[in-house]
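Some structures to go through are shown next.
Both of the next two complexes hold chain A, though its partner changes from chain B to chain C.
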Partner chain A sequence: MTAVTVVFAAMGLVALVSAFLVVTSDQIIHAALWLVVTLGAVAGLYVLLAAELVAWVQVLIYMGSVVVLLLFALMLTRTPTGPGSATVTRNQPLATVVAGATTVALGAVMWAGFGGEVIDEDEVRVGTAARLGDAIFRTWVLPFEVLSVVLLAALVGAIVLTRRGER
Partner chain B sequence: MTVEPFIGLSALLFAIGAIGVLVRRNAIVVFMCVELMLNACNLSFVTFARAHGNLDGQVAAFFVMVVAAAEVVVGLAIIVSIFRTRRSASVDDASLLKL
Partner chain C sequence: MSAVSVQAIVGAAPSPIEAPDVDYATISPLLIILGAAVLGVLVEAFVPRAYRFVTQIAVAVVGVVAAFVATVVVGAGLDTVDGEVTGRGGPTAMGSLSVDGPAVVTWAMLLFFGLLGVLLFAERRLDGGLSAFTSQASTPPGSADERHATRLRIEHSEVFPLAMFALGGMMFFASANDLLGMFVALEVLSLPLYLMCGLARRRRLLSQEAAMKYFLLGAFSSAFFLYGIAMVYGYAGSFGLAEISTAVSSQIGGQNLLLAGMALILVGLLFKVAAVPFHAWTPDVYQGAPTPVTAFMAAGTKAAAFVAMLRIFFVAFGGARWDWAPAVWAIAIITMLFGAIASIAQTDVKRMLAYSSIAHAGFLLVGMAGLTSGDGVTSVSAVLFYLVAYGAAAIGAFAVVTLVRDAGGETTHLGRWAGLGKESPVLAVAFTIFLLSFAGIPLTGGFISKWSVFAAAWDGGAWPLVVVGVVASALALFFYIRVVVLLFFAPPQGDGPTVAVPSPLTWSVVAITVAVTIVLGVLPGPLLDLVQQAGAFVR
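Right after this comes the complex of A and B.
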């Protein structure tokens, strides 16, 4: 067992357990806080995969702003947050069957397609900001510009949607 | 180390997120589960970037994060305006395709 395997097992276990708690937690605020734990564990896995900048952006954008935005929405909609507030629909058994089938299908396809691919632990190319910036502004510059327009459109759309009056 | 453990973890996280989307009733919790599924996809993007020794997968993960941020902004705006007219953030009450 190498150090990478041990760290992967620990991080993966934390991610899985906290993701499960996001889905099953009785209180909505707890679900949001467990989501922070899940995202943190996934950020740790990114570091393990030598994706340094992706891990930092995950911490900044997801754990920093997206979760805070979700908590703000919980307050704005005055959702009941006490115990038992997170109600579930009646189709739980059906949902379990569907999700189980999804896992098996996804796992089988990926296993058949990519099983046996080896991660070379000696040859590491760390995804630093310099390298990723190079890739984004050379190879991926057009998709990047399109994406910035998408972000602007989302911003304007959100303002228009939530504006009061004159409807 | 092979890519299988990472792929397996990513598939499991995706399935947990899918169960949440199907089971939970509050629209904001459904959103959290969608974020979980997007993260699972990002994990496999980064895994393959590592396995193939180039950075394109990591750039794809960035793009997914940006689209996720845009999705959260618009989605929360819709949830808040539905709440204003219906006084509820439950997905069962938003069944008419209009505010």
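Right after this comes the complex of A and C.
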């Protein structure tokens, strides 16, 4: 067992425990803050998997903007934020079953698809910005560009559904 | 960070950036449509309100026509590929798109539907000079704000760019050459449609309910599709249809993974084409959505999703045909029978057309179960022909629905349509032609298309499907004839239906679709030649 494996396991444990706290926390703000820990631990896993750009994007976008956006939404919508604000619905057992089944199925896919793979540490290709850029802007350039169309359509749609006034 | 990766970073030399290899001329139809959509968004931002609606119509129509011309040029220039089966064209844009014969024919078909859809969207003479879309979606239905917005004649001209986005997504969906691109395309085509479904001017709560249902169930089915893609990636180690095909025929990896992946992808696609048992959204959404949107959606989504389904299952999963064919058989049978029987019980014209659309999904699945290659009518060409004929008749039928009105807007209750033959013989005859085409009566496009899917299925050894298909057609015929009798011979209820006088826009849609339906029935030769020359999918 190498040092990398130990750190990887520790990070994974942190991610799991904090994710559990996200869904069991009594206060909605606490849940959002635990999410920061989860996402940070996942970013650490990305670093260990030699996907450094993805790790930094995870830190910037998910830990940075997405959680901040969540907190802003909570602040701006007058949602109760005190104790008991994150009360669960009666559907929690059902959600647990669905989440459990999804985890098992996804795990099975990973196991079946990549179970026997051994990564040679000397051959590791680091996921630098150059490599990722190469993949996104060469191989996947068309899906990537079309994906921006989804975002534009969603923006237009959000404006259509919410805009008031007489412009 | 481990020592290895640090070393790798330090050791990495900067490499020159290589531009992706994209043949812009070949994908120009797609680029023109998406360009028209973006231009529409800019028009929304900068053109004053008084001119905005007209400008949007102009941008959309010019965009669609230009893309159609580009499609014809691209189609004429496709190279013939000789292999086991003849095909034309091939992958482009770094392998993301396969611009082959079926793709180009589908593009042309979708652009034709798109043009008809835009003409219906643009109709403003039916409802006191306002379009079929709500004045302001954010105002509560029935509120003073809503009346105020209507009085100011505010309009949602954003529907035109949204329709262009959806059209671009459909075109991408029908020609995507890897599963990742297909998923992106599915989202591009779905999202604008969810939105447009909720924008009806009349019966807004019904419309919003339809949008909500469509969105939730659509998101659910997208998740199925995505999950299937994940499984297939786990099996084949690639998103590319060609690589998956190689993996399937060499049978690497666990077969269970492949079976589960295929099943989930099939569920996601069957939802989009409205096949039983994934049809539950169809009647509600078709009924609630603004009728021009229903027309565009019924024709366009079905065409794009069917071509995508054929592409995935013939190209990527062709080697596992005996694993997926039984499922397609079973679903084709229940879809045909259920669609035919359920439509008999309908009292609402839009719901009736929705169930008819479900039944037609069943007939198209019969075509899918047919012959993949050979001299006769192949599955691909039969399905392409069917999609053109069905789409034209469906758009025409929904265009007629927009014209039969009373004080509350469109009157869709079937009983109120009694005596339409006396009120407006031309419209009643047009609607009858569409119904006869749906039923598959000779001299309409519906007959030739049913014949071609049945011929493909028969040649492919799927004769039980053909038998069930003929029975289901007979059942449906009974119902369609009943509606025709109602239109011409039943005594009208009260004052009878009133027919609004539309602008030339809707008239031309009805006229074009009637003409297409009859020409495809009387002179199917040119289109049949075209779809047969389109050949097989090229990966």
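Here, the second predicted complex is superposed on the first by the 137 of 167 C-alpha atoms of A that agree within 3 Å, B and C clash if a C-alpha of one lies under 4 Å from a C-alpha of the other, contacts with A are read in each partner's own complex, and residues count from 1 in each chain.
In this text, contacts are C-beta pairs under 8 Å (C-beta built on N, C-alpha and C of every residue); 3 or more make two chains touch, one makes a residue touch a chain.
What you see is a predicted model; the values in this text were computed from it and never measured.
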Which superposed partner A:Val6 touches (first chain B, second chain C, both, neither): neither
Partner chain(s) touched by A:Ala73 [first = chain B, second = chain C, both, neither]: first
First, second, both or neither for A:Pro143, with chain B first and chain C second: both
First (chain B), second (chain C), both or neither touched by A:Ala154: both
Chain B versus chain C as contact partner of A:Met110, first or second or both or neither: both
First (chain B), second (chain C), both or neither touched by A:Val97: neither
Partner chain in contact with A:Ala50 - chain B first, chain C second, else both or neither: both
First, second, both or neither for A:Thr162, with chain B first and chain C second: both
Chain A residues touched by each partner, larger count belonging to chain B or chain C: B
First (chain B), second (chain C), both or neither touched by A:Val17: neither
Set of chain A residues, in rising order, touched by both chain B and chain C: 4, 50, 106, 110, 114, 121, 125, 139-140, 143, 147, 150, 153-154, 157, 161-162
Complex contact set, residues of chain A against chain C: 3-4, 47-48, 50, 52, 105-106, 109-110, 112-114, 121-122, 124-126, 128, 130, 133-134, 137-143, 146-147, 149-150, 152-154, 156-157, 159-164, 166-167
In the complex, chain B residues that touch chain A: 1-9, 11-20, 22-26, 28-29, 31-33, 35-36, 39, 42-44, 46-51, 53-56, 58-59, 61-63, 65-74, 76-81, 83, 89-90, 92
Complex interface listing, chain A residues touching chain B: 2, 4-5, 8, 12, 15-16, 19-20, 22-23, 28, 31-32, 35, 38-39, 42, 45-46, 49-51, 53-54, 57-58, 61-62, 65-66, 69-70, 72-74, 76-79, 86-89, 91-92, 94-96, 98-100, 102-103, 106-107, 110-111, 114-121, 123, 125, 127, 131-132, 135-136, 139-140, 143-144, 147, 150-151, 153-155, 157-158, 161-162
Chain C residues within the chain A interface of the complex: 1-2, 4-5, 8-9, 12, 14-15, 17-18, 20, 22, 27, 34, 37-38, 41, 44, 49, 93-97, 136-139, 145, 149, 152, 154, 156, 158, 161-162, 165, 168-169, 172, 176, 178, 180-181, 184-185, 187-188, 191-192, 194-195, 198-199, 227, 230-231, 233-235, 237, 253-254, 256-257
